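Order of writing sets the chain letters: A, B and C. Residues in each chain are counted from 1.
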Amino acid sequence: MLSVETRNLEYRYGSGHRALKGVNLSLQGNDPVAIIGQNGAGKTTLVKHFNGILRPTSGNVLINGVDVNERSTARWAGTVGYVFQNPDDQLFLETVRKELEFGPLQMGLDERVIADRLERISGLVGLDDKLDVHPFDLTATEKKFCTIGAVLMMEPGIVVFDEPTCGQDMAGNRRLEQIIKTLARQNRLCITISHDMKFVTRNFRRVVVMNQGNVLVDGDVDEVFSQPDVLRRSFVAPPPITKVGRAAGLKETVFTVEGLMDAVKRQKESEV
Amino acid sequence: MAHALNSFHSLGTPLERMHPITKIVAVLALGLSALLWPDFTLGAALVLVLVVVAFLSKLGHPFMKLILGFGVPVAVMLLFIQGGYSSRNVTIIADWGFVRFGLEGIEHAAKLVTTLLVFLGSFYLMNKTTYAGRLVAALTQVGVSSKIGYLILASLNVVPQMQLRLAVIQQAQNARGLDTQGGLVARLKAYIPILGPVVLSSLTDAQERGMTLETRGFGIDGVRRTSYVQVHARRADFVVGCGLLLFLIMVAVLSVMWHCGIIPLPVLIGGSR
Amino acid sequence: MALWDHPLAGTDRGFEMSASIAVRNFSFEYQGADARALKNVNFEIMKGDFFCIIGANGAGKSTLCNAFVGLVPHYFSGKIRGDILVEGKSMRQSTVAQLSETIGLVFQNPFNQLSYTAGTVAEELAYSLGNRGIAYEEMERRVQDVARMMRIDDILDRNPAELSGGQVQRVAFGSTFIMQPEILVLDECTTQLDPMGGEEIFDIVRRLNERGVTIVMVDHDMERVAEHADKVMVLDRGKVAALGTPQEVFSAADLDVHGVEAPDFLKITRSLYEAGMSGHKPDVTQSGAIDATREALC
């Protein structure tokens, strides 16, 4: 069973700033989880604990029941994949192919296994025709997909994405949706930080709202987005369709056009 | 978190308020005085003065560490080399068999060490008490090109910038399964993949920095630049600066006169004409 | 009487004088690239317009923004044809620094906007003012104004190297806006901000536009574009695929083909209209979508 658990997790930066103030969170299963909140709420600080990039100042982080402190970050890489916000920090080899193969080679996997994964994953991230290109020559979004591919190649049970939607266009967003769905289907736990509420409400059932180093709300997406004052307090604006539905007097919280249409019909029927 | 610009931290001392140009004058005047003076006595006296100034500027502890940490080993080394092997040696004061110490060499070494310490100590105090932005603003005020000012600030910034990048890139590589812990060889090997992104990102940074500066008007010609950092010369700065220059001139004149044999200075120890 | 006021003056000339930016047969190919990034592009942006550029990644949006401020071709070299006139000045014949007097660009990556020569946020903001030789008193006034506006007045003494992405984005924006350019080019400049922070900066942009500043904005947020743009241009593989009001552009049937999604407001009103649930015509604005939904609920 995949799980990430934090117990009274506190983190203090060298400057003395208390970025996390006792976070208790338990993430399990294969339902993708979104972490949202204001800039500086502690989202990145929190997820950097999931593979030990940061170590708790106090409290514990348990990955599949094992204390994160028991291994180095590099040792966690096969269990927890982490995609950084800036792909330039993560890419360093001469070709996309080498980037993708790097992780599994480090893990000492069999050549055939690697070739098989390469075929599947390069297709998933849309780089199958760019395998021999230097990552430096990729566009910013392609670089992002290259780092995602490099992490997925290790087939970690838990995958963390930090702001994958940043700068993505329609095609990029659709590809990300595809990747998140695939991960769920393969029984992996995907944890994503995002500012894009359209993207969050479309792809995630569970949403964690952070505010000033604490978890403000943690629950089902409908439940979270039906609390306007909580959202306001955490500086999160609901997505456009949700806003329209609420402003028009719709009682249900809706995220899609179809959802809105159905809710309108239901509400009319119930009023008759 | 790495510090940007230099290692300046405000402590609110008088030396911090002193005009940066006055401080540059001080470094040059004190250092040159120690160099020109026939023997090491003036240098030694100036080092003592600097120690007092350092303590008054709340920098006594690190200053002593620098003076002792650098001064003692260099002094021992120079005393040994110059004292034992200098060609000036005439008066032998000790004979250890394999090496014979001459008074002239030792005096020469003492002068070298004290002069070095005056330069180093005064420069250290200037650096520690001057905010780089203020230094550059002052230099631009007296007519130094803004391009040179930029070079000073940018080069001061390169190291902390690189350190920050290196830390993030190291995290990113650890997350990809690259161990940067362990033995020396393992760590060196692990640094190779990290260097790639650091160098590449520094190169793109440099290009983008150039673009940014242009869009922010760096290349505008025919305009007298102004600065947000205001440096006003106070009377005290002027007086201290003039005093230091006068001091230097006096030392120079006396030294020249002594060299020419016009006056016999009450030189305490040796002094090589 | 000025030349362009004369009844006999060429209409072309008169037309150009009201255009903030006039793009004329403009093509550009990056050195070493196998295709042109921009292909014979022609359009005008009028003074005081809120002009949005949308399109898939790689369509040429950033290249165009860089061309407006002269970074293309003065920094990115390549083959260039045609010209762009910025307030009548040819970008090919002006330096980037000269153009920066009229047109300001906020980069996609805010960390690239910093000069990295400043020890404090206040100095960073004032950097471009110093390059223009603006007197200290005026500098201080503008720094305080911009800091209040961008809500960074509490971090003026902080070291820019120690700020978070969101804070840097505000500083980057402020450092451009402080020059009071007549034209402001925003290349996806709110991506690092949380939704509320993005809205806040966007409100400032709108206020500037109301005061007469021409805004050119690249954005992936279609609702925002639909709601506020006077004109929208769709770029697709280096060519202008559509140009018009948001209503015109987003209503086009081939929008998807160009890698652009219609705003949710239009999707709502269209679906309700087509299902016969509301009589409200398809509309790209939020208020339109709310009205249509209300009507459907009645």
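Criterion: a contact is a pair of C-beta atoms (placed from the backbone, for glycine too) under 8 Å apart; a residue touches a chain by one contact, two chains touch by 3 or more.
Which chain is which protein? Per UniProt: A = Cobalt ABC transporter, ATP-binding protein cbiO; B = Cobalt ABC transporter, permease protein cbiQ.
Note that the coordinates shown come from a computational prediction; the quantities given were computed from them, not determined experimentally.
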For this session: Name the chain whose C-alpha centroid is farthest from the C-alpha centroid of subunit C.
Result: B
Problem set entry | A-B compared against B-C, more contacting pairs | B-C
Problem set entry | Computed distance of Cα centres, subunit C from subunit A, in Å | 29
For this session: Can you check how far apart subunit B and subunit C are, centre to centre, with Cα atoms defining each centre and the answer in Å?
Result: 47
Problem set entry | Junction residues of subunit B - those touching two or more other chains | 1
Problem set entry | Sequence positions of subunit C contacting 2 or more other chains | 162
For this session: Could you list which residues of subunit A touch at least two other chains?
Result: 15
Exercise. For subunit B, which residues are in contact with subunit A within the complex?
Worked result: 1, 165, 168-169, 171-181, 193-194, 196-197, 200-201, 204
Exercise. Residues of subunit C touching subunit A in their complex?
Worked result: 55-58, 108, 162, 164-167, 188, 191-199, 220, 223, 259-261, 263-265, 267-268, 271-272, 275, 277, 286, 289-291, 293-294, 296-297
Seminar exercise, completed: The residues of subunit B that touch subunit C in their complex are 1-5, 8, 131-133, 136, 146, 150, 153-154, 157, 160-161, 164, 207-221, 223-230
Seminar exercise, completed: Given the complex, residues on subunit C that touch subunit B span 69, 71, 74-75, 95-98, 100-101, 104-105, 107, 109, 112-120, 122-123, 126-136, 139-140, 143, 159-162, 175-176, 179
For this session: Over in the complex, which subunit A residues touch subunit C? Could you list them?
Result: 15, 37-40, 85, 139-141, 166-172, 195, 197-198, 235-237, 239-241, 243-245, 247-250, 257, 260-261, 264, 267-268
